[in-house]
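One chain, subunit A, appears in both complexes that follow, with subunit B as partner in the first and subunit C in the second.
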Partner chain A sequence: MATAAPDPGAAQPDAVPVSPSPGANLMAVTFRIRRFDPEAAAEAFWQDFRVEIDPKERVLDALHSIKGEQDGSLTFRRSCAHGICGSDAMRINGRNRLACKALVKDLSPQRPVVVEPLKGLTVLKDLVVDMEPFFQAYRDMLPFLVTSGNEPTRERLQSPAQRARFDDTTKCILCAACTSSCPVFWNDGQYFGPAAIVGAHRFIFDSRDEAGERRLEILNDNHGVWRCRTIFNCTDACPRGIQVTKAIQEVKQALVTRRL
Partner chain B sequence: MPTDVTSGAGRAPAEPGPGRGRGPGPGHPAPLVEPPRQRTTRTPRSTRGNFEMYGWLFMRVSGVVLVLLVLGHLLIQLMLDGGVSRIGFAFVAGRWASPWWQVWDLLMLWLAMLHGSNGLRTVINDYAEHTATRLWLKALLYTATAFTVLLGTLVIFTFDPDIT
Partner chain C sequence: MEYGQTRQLRQVHTYDTVIVGAGGAGMRAAIEAAPRCRTAVLSKLYPTRSHTGAAQGGMAAALANVEEDNWEWHTFDTIKGGDYLVDQDAAEILAKEAIDSVLDLEKMGLPFNRTPDGTIDQRRFGGHSRDHGEAPVRRSCYAADRTGHMILQTLYQNCLKLGVEFFDEYYVLDQLLTEVGGVRHSAGVVAYRLATGELHVFRAKSVIYASGGCGKFFKVTSNAHTLTGDGQAAVYRRGLPLEDMEFFQFHPTGIWRMGILLTEGARGEGGILRNTHGERFMEKYAPVMKDLASRDVVSRAIYTEIREGRGCGPEGDHVYLDLTHLPHEQLDAKLPDITEFARTYLGIEPYTDPIPIQPTAHYAMGGIPTTVHGEVLADNTAVVPGLYAAGEVACVSVHGANRLGTNSLLDINVFGRRAGLAAAAYAATAALPELPEDPAGWVERRIEGLREATGSERVAVLRAELQETLDANVMVFRTEQTIGAALAKLAELRGRYAEVSVQDKGRRFNTDLLEAVELGNLLELAEVMAACALARRESRGGHYREDFPHRDDVHFMRHSMAYREVAADGTESVRIDYKPVVQTRYQPMERTY
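What follows is the complex of A and B.
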């Protein structure tokens, strides 16, 4: 579709499109969505929606179109719609992704595109899950700068090399795609999960921070880093491209070298 | 699965499904699809310690040592000097006359058993969902491990080549 061949006459369908750009090549795509409404039924079920959509649009656009034009009860979270707030992580075609970063054309739209809530967290309604256990694990990690002594009168200096040490883990947007793709977390909800460890890594390796030891102690738990089996699902799932498993391994390494 | 029998509303959904859905309880009008996974104040938090770290290290170290021991063992038992054909009671008796092979086999026994058991402990922790199941499986595992290790050790040190 690289060649711009606007054929307005042929491309305009009768079906209600998602505000198509002029000359967009619309395509009928089926979205198979996992629905759950606790007030209506105790069981979740699959529902298919057919949407006329430009394949270059995103799954989030399709969800908007379904909610706006087909079924207003469809429930999902989203805020920024540009991959930065981390609120619309969901399982799309069996993989955790941000709906606002998943282009329809990349999801083999000839077949139904399967959209489910994140796995391993309690489903509240449709695609909305209870994020509290996830945030609880993150909070347990002391995700803030801890220092001692008087507050300095100028900024805390850091060399570019010191900053680069933890650069990768600063990019986390707390979307939970990693934690809810982890088979260990699926079975043991008490496992801190990759995202919390990423959050800890960001401060453990920050030269300005002084609570690294405390965080390592917190992670040296039965449900801490040692439950990681290096499955790499988290690294695959992270929409920010963070080397999550590597960060976890670095925390393990820090624990081993500092404890022995 | 607390179903609200008094009102009958708990049985309203026609298909209860494979144990996932939960009947609406009195205080909870909305049933849950998945069990909640929360770290509450009542969750035991005294699970910190170096045990899991040593376990993790042991797996790596014993793995490396076992590669050498087991490959050496296989080489001697199966390939060198006639291989399998010469293995017999006399062969074992001859080897265990030397402390070197006694220690070799002892190390292999202990490392392999502990490595395997720790691996299985991990698997049980990962896959057994109920606390009781986990407990029983681990009790079984530890018993089997202790039995095998102790019996093996006993045999290595009390082996009598003149037994009739």
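What follows is the complex of A and C.
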């Protein structure tokens, strides 16, 4: 059952059963969720939901059970449910994660699990934020291969070592967990943010690409890489395990040495 | 007035070509259409969220970069893999154009894995063989085990480069048709904007459906929550046929109970399936290709092992995918994502422990029937002018009764491109069609009806019952009895669906309402699948009838064509017709691996 909670640490609602998988060890867990519906009220508020859940299940499973069985108006984005589409990044117990990769057992479920929308992006409803500024920063990086001259008949050649040079940053799923974990981004909405720099890195260090200099110039801007304070929040937040801070440092270094 | 309010908010857009869906097929089509005509891409998700991104193992093309290969062998494997229900002219196009499709993606920037001499690396995959079944061949071009992710990213990046116009989080609910001289033409689509609840009418000379599959009617599935057959349902409701809907692929290696996909590339890299005695059981079922037999064969073998008491675990309800004999460096370099899935979701270390797996509902071979140019068929021969489809939503048919692994990433690129070219060529000469009267009326009544409904049924409950019934009755093994049970349950569920209400009555981001609409689509398509499965009294590819365990080429070497019929009293039924298979050079043979 759902109860309104003025702030984290208040209510103790009743448990509501969800359909368990056979043989599961169920546990009653409270999810304390930041709610906001501008059509209903001007202010956001905390609401507690208690669910019986197998702790090996995902936070996304808990959100689905709340939506399906307690409150259909709970709103969040999701699609693939296994960490590859990037839809369900949110702040869980104060850290940005994908709800589909966060298992309940890893979140100290004896205490309420706190779920909030990503920080630094406008909240549209409940856990849904406006992704447009985030994608705009990505688009600003010329995130596509730029080449000149005639196209080769067959594939462009690239050695395994050249391919490995930018492998890490090809993993990005544009979930915004890194960018919205960055204190610089929270305070300076113009900062491109880690994800956009990762997107630039993926092409700057691709041996086939010819627009590295142009991207470096974009990132030399006063809202570019120099705003990074090497806080490492982004690296911790990345659900794909990308060494985000390292990638940003490599871009800074390329700017200093102008050597790709 | 609720209705009046919505009507005021309605907007009409006019384009040459509208593409529904921004996965691989939709964006590949956009890359062709956008430079040639005014094009809009509508997607219910942000483009990079599309399920193409979940494809792992690779994209088939006979590049012959690492060993001898050619497109004719690939054509044969595709036809044999599809149990001879494949249209052979289409399979030939698929295999021939595969080579340029892969090279195009490389030129667009796709970071394929490389051979030591810098060309695109290739690996083995199920059902792909040298010289007509002699031995496995390295034909799959790949980027680690995130090939689909890299294809989706690369196509999105190239759409940005071309300035393609996207309408993100616009959910298409209806296909508009206008009759001109007795022939139904496509006139556009009606979309619901998720952020605001507004209805948008898109009037267009050509419409391309590239909206993906419908696997969410199963419970254990590799499919995203959003794969709810929206495109198939939109055209089916308007009286257009769906082809071969009884053919659904169950991928052998889903994570036990969760259904998350573990790529066939794991077996391509040397992974082995084992039963509870540790036996490599595929040697019994497919002596040549073993673990790399085609997917329907492997999925049936797994369930046979389980049924005969050789399954693993306390309930004996799964088998193991064993990667423990492979070098750690190989797993890290070639299969990093799926090994991480095992660690994250099962707490298992694949270096040292085998991974529990079971078949998972994966791919719809059937869909909206098209020609090899992506033109949608109104019956066995006539096309619907201005209407196109490509990718999983479509049925060309290149996959027949069972799709080979790596042929779907290929399909979206080859036929996405073809549909984009054909739709743009059509738009260059066609007149802008008139919209039907009150174009958004049907959608408006549906949306407002759901929003205002006060019935006692809940979407989540009906969806769970739908999924359980299909898993139990219409999965890897089917009989007349189980399919009949599913149809009876589906009739009950459709009755109860009329009593569904949503709790969220708002307009902004009303995902409660959206899920109710999606459930309606799933129920409709599940009935089509079950009806076609009941009528096909044979076993072929992914459709296995225990009561008719053999392929019957005399009676069933033909495509099913399902039409929605509405009787005078309003009752709906599925009418099934048949369409001949196109055969060119390959005579049906017994299918062994």
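Criterion: the second predicted complex is superposed on the first by the 239 of 260 C-alpha atoms of A that agree within 3 Å, B and C clash if a C-alpha of one lies under 4 Å from a C-alpha of the other, contacts with A are read in each partner's own complex, and residues count from 1 in each chain.
Note that in this section a contact is a pair of C-beta atoms (placed from the backbone, for glycine too) under 8 Å apart; a residue touches a chain by one contact, two chains touch by 3 or more.
Predicted model only: the values in this text are computed from it and were never measured.
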Contacts of A:D221 with subunit B and subunit C, given as first, second, both or neither: first
Of subunit C and subunit B, partner touching more subunit A residues: C
Partner chain(s) touched by A:G120 [first = subunit B, second = subunit C, both, neither]: first
Partner chain(s) touched by A:S79 [first = subunit B, second = subunit C, both, neither]: second
First (subunit B), second (subunit C), both or neither touched by A:F166: second
Which of subunit B and subunit C A:P38 touches, first, second, both or neither: both
Which of subunit B and subunit C A:Q136 touches, first, second, both or neither: first
Which superposed partner A:G189 touches (first subunit B, second subunit C, both, neither): first
First (subunit B), second (subunit C), both or neither touched by A:K246: neither
Overlap of subunit C and subunit B interfaces on subunit A (superposed complexes): 38-39
Footprint of subunit A on subunit C - complex, ascending: 45-46, 48-51, 53-54, 102-103, 106-109, 111-120, 143-144, 146, 149-150, 153, 157-158, 160-161, 195, 224-226, 257-258, 260, 314-315, 337, 340-341, 344-345, 347, 458-461, 464, 502-504, 506-512
Sites on subunit A touched by subunit B in the complex: 36, 38-39, 41-44, 120-123, 130, 132-133, 136-137, 140, 183-184, 187-190, 217-218, 220-224, 226-227, 229, 252, 255-256, 259
Contact footprint of subunit C on subunit A as seen in their complex: 19, 21-23, 37-40, 56, 64, 67-69, 71-73, 75-87, 101, 103, 124-126, 128, 131, 135, 139, 143-145, 151-152, 154-160, 162-163, 166-167, 170-174, 203, 206, 208-209, 241
Subunit A contact footprint on subunit B (complex, rising order): 12-13, 15-17, 20-24, 29-39, 43, 47-53, 55-57, 122, 125-127, 129
